[in-house]
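Here the structure is laid out as structure tokens; the discussion comes afterwards.
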């Protein structure tokens, strides 16, 4: 683990063509890191995320992605992701390949990746059309009951990027609140970048079962206060629901989207999220 | 969930012949509940536990068990479990059938039970003799990589019994420290009894990710202060290592064992652990 | 007290929930109905969101499935793999509450695409948790606005299994849970016909005619032998709902939030 | 400073651990060696116990695998399914430290039974974590007292795979980890011979003869082309070990604890 600036971490650990998992289930979405990837012009990424929301809408709209692996692509509680739809429906700014799963499948696939398994076995997809359009969904039989169970390959991203509340001087990272699949994504990935609200001398008094990613499981820890905005960081700042609502209008047309990205991301200083 | 005396909980929820999982990985071992089962003369139980230690040594020595499902049977750091060995080697007080696994297999089998799965798939048992003596160990192939993976039936006990620090008035139970497989055992079981150090009005300030078993996942919560002794309860009392060392001599001979059990369990008031 | 058809829909859905239920809540209309039930007749109702929040008691409706309020008011919050494995797949949930873009007569749902999958006319969000919610919860309630565009003869994509394309798939697939037992719309409620599992109209909301329902349904909709009138929202129900929505709009910084 | 053969064994084992190692620790002799290493030359050594304690720094040796001290001094503590899935099977551990009742020349271990499985002469504890520790850790160190009863020609039961019954099973089974690379006893250290993977004597502890080792080994033990003398314990090593054991004995309420 090294403490790096976000720019340096992205430069060193995110390459064109990588499979990149940026997780955060509504909470702790790593916007600052995603914006840095956009600014550095990374291309041909396979973006993996259960809930591609505004961040992936932005990254897709800016042409960073060749493929999207996901299970729910919307602006939560608001409506469509217009840039995601424009890419899928009209190939703008470039065609995007989609690999589509259910939430249960992706959660299990991350868990299996963290556990070093080649695949995840669960009860899923029964009676649905998804297995017809995703050849990565297989079925096998329980050797004890004969029940048919769903099986998907585990997720093993090249790099996982997550945001968290704080790290200590050894780079041990503590996460609290809605945990999503961040721990699994980090442990499943070959490399991991964590942006944090603050770096502290000691993690301090905490539950003996606090959710902690030891520094030796990470490639880089980057200080990025506010790095989850307009998502939120439990204990630090709230979710900017008004911005999620406003995004619908900003992103609906290509021009207003590009203009917003230019002003708020491309020309913004590194490490800063909106 | 009902608040019951330990005697009533055992009376109602543990029947002769049941599959009973009493868990606690060194920490929070439910001694008081096990002693109550002995006092009530339950018979023909299938006892399930990763680490049958002193409690199961006592239960086996008192003839409650017909079968033992386990992965490590010793007095940790001390040596043999003499009553367990006497049952396996000499059939005293009765022959005992053993179903033997590795820790990884049992941990995965509990996890799969909690997850409602018929089986658990993991990487295990490769090159070992256990699959030759346990027909419940199977193998299947990953449909993506062709790798051979171990597969065991999930554990779904009739009843799980665990000890925990505290419950609130709704019967929500909070556990802290070494967590073992208690949560999994409770969620995998048809019925669950939890003994607690105390019942409080409110669980109070805690991590948002505190390990809590909601009251509606339980059959009974029983107040049993000290109910884990000579094991321990993080935040309440320490492990009686001296007793674990002393148990070696107490349990070595049948007579001294029976005498100890008579004085400390059979004639002890219900709900009290040594 | 006058009320809108959307209010009628939310109130009718809320009433179906009992105090002993453990409910897996989807965002939007389901979330409004579940929280209304909790704030009115079913205070014991336990709400679980797929973000991992267990027994959450938000004072306002979350905009997303993982708003801060959900975690802050929860008994506890677990990771997403755990919520899908131990709590949903583990069979702990009595009621799952879903919506969709399209529904067919057997209450199968489409939230994936309008048009062909490979060249969609409209790309919808996808399954999210719905595919497994529909299979693992004890029973399923569906809440959707009714129209010919959404209540269709044939789904463009079957994202979430109701009773299957023939109405009998659940048993054939070995799925022991009940599946959709109630559809609540802004016009009526529907329940599965015994034997066929086709959703038929069980009650009409006050002032709604059979013709309106027929007009708004893409298949030749059928009616139960006895069709009741849905009881109108009581004043207490409406007040609780409006208070909740007003608090929510203030919290989200917009009057537009649902 | 004089020392016992047990002290020599523990010190020699401790030395094999590096400051960058992440070590899965078994109870007893392995725990003493790992904590000695942490308290002497390898303060950065990370210890993980199967009870779920990650980066634990106990001041005394735990009697069990889950003593209070382990959790109290840990960076964090996770559940047992997680420790076996994410941390062990996930390939996060560089060194696993094991002991056993019997070992053969390919460093396979028996901790299950002496005699036939169905009618054992001695029923041992069983695998515990060992079967999967041996396969999932980057490499394995073994620490055992040496005798003809424990270093045997043929195991009564193969609980834990070393290099397999022919010495070549790991590759045949597709296991990419190294397996046992070091056996430390109270007489000597052994390492696998290149090509055959048979454990051969690499160093003799001071004062130990080849004949003693031959006498104490149930198979025709072989020696490396060059056999070194194990460096005797340094005063600092012995002091650290004795302090640790004295603290431990006081804490356990007995001088008998190891």
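Chains: A, B, C and D, in written order; residue numbering restarts at 1 for each.
Going forward, a contact is a pair of C-beta atoms (placed from the backbone, for glycine too) under 8 Å apart; a residue touches a chain by one contact, two chains touch by 3 or more.
Quantities reported herein were computed from a predicted structural model and do not represent experimental measurements.
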Seminar exercise, completed: Chain-touch separation of chain C and chain D, in steps, is 2
Exercise. Which chain maximises the distance between its CA centroid and that of chain C?
Worked result: D
For this session: Find the geometric centre of each of chain A and chain B from their Cα atoms only, then give the gap between the two centres in Å, rounded to an integer.
Result: 39
Exercise. Using CA atom averages as chain centres, what separation in Å is found between chain A and chain C?
Worked result: 28
Problem set entry | Overlap residues in chain C, where contacts from two or more other chains coincide | 71-72, 77-78, 85, 89, 136
Problem set entry | Where chain A touches two or more other chains at once, by residue number | 111, 115-117, 122-123, 147, 177, 179, 183-184, 208-211, 234
For this session: State which pairs of chains touch, listing all of them.
Result: A-B, A-C, A-D, B-C, B-D
Exercise. Considering the complex alone, what residue numbers of chain B touch chain D?
Worked result: 25-27, 50-51, 70-74, 76-78, 80-81, 84-85, 88-89, 100-104, 107-108, 110-111, 122-130, 133, 147-148, 177-181, 183-184, 232, 234, 238-239, 241-242, 244-245
Seminar exercise, completed: Per the touch rule above, chain D residues touching chain A in the complex are 22, 46, 54-55, 71-72, 74-78, 85-86, 89-92, 136
Exercise. Tell me, which parts of chain C touch chain A in their complex?
Worked result: 27-28, 50-53, 62-68, 70-72, 77-81, 83-85, 88-89, 112, 117-118, 120-132, 135-136, 157-161, 164, 169-170, 173-175, 251-254, 256-258
Exercise. What does chain A use to touch chain B in their complex?
Worked result: 115-119, 121-123, 138, 140, 142-145, 147, 149, 151, 153, 176-177, 179, 206-211, 234
Problem set entry | Touching residues on chain B, where the partner in the complex is chain C | 111, 114-117, 172, 183-184, 187, 208-212, 214, 216-217
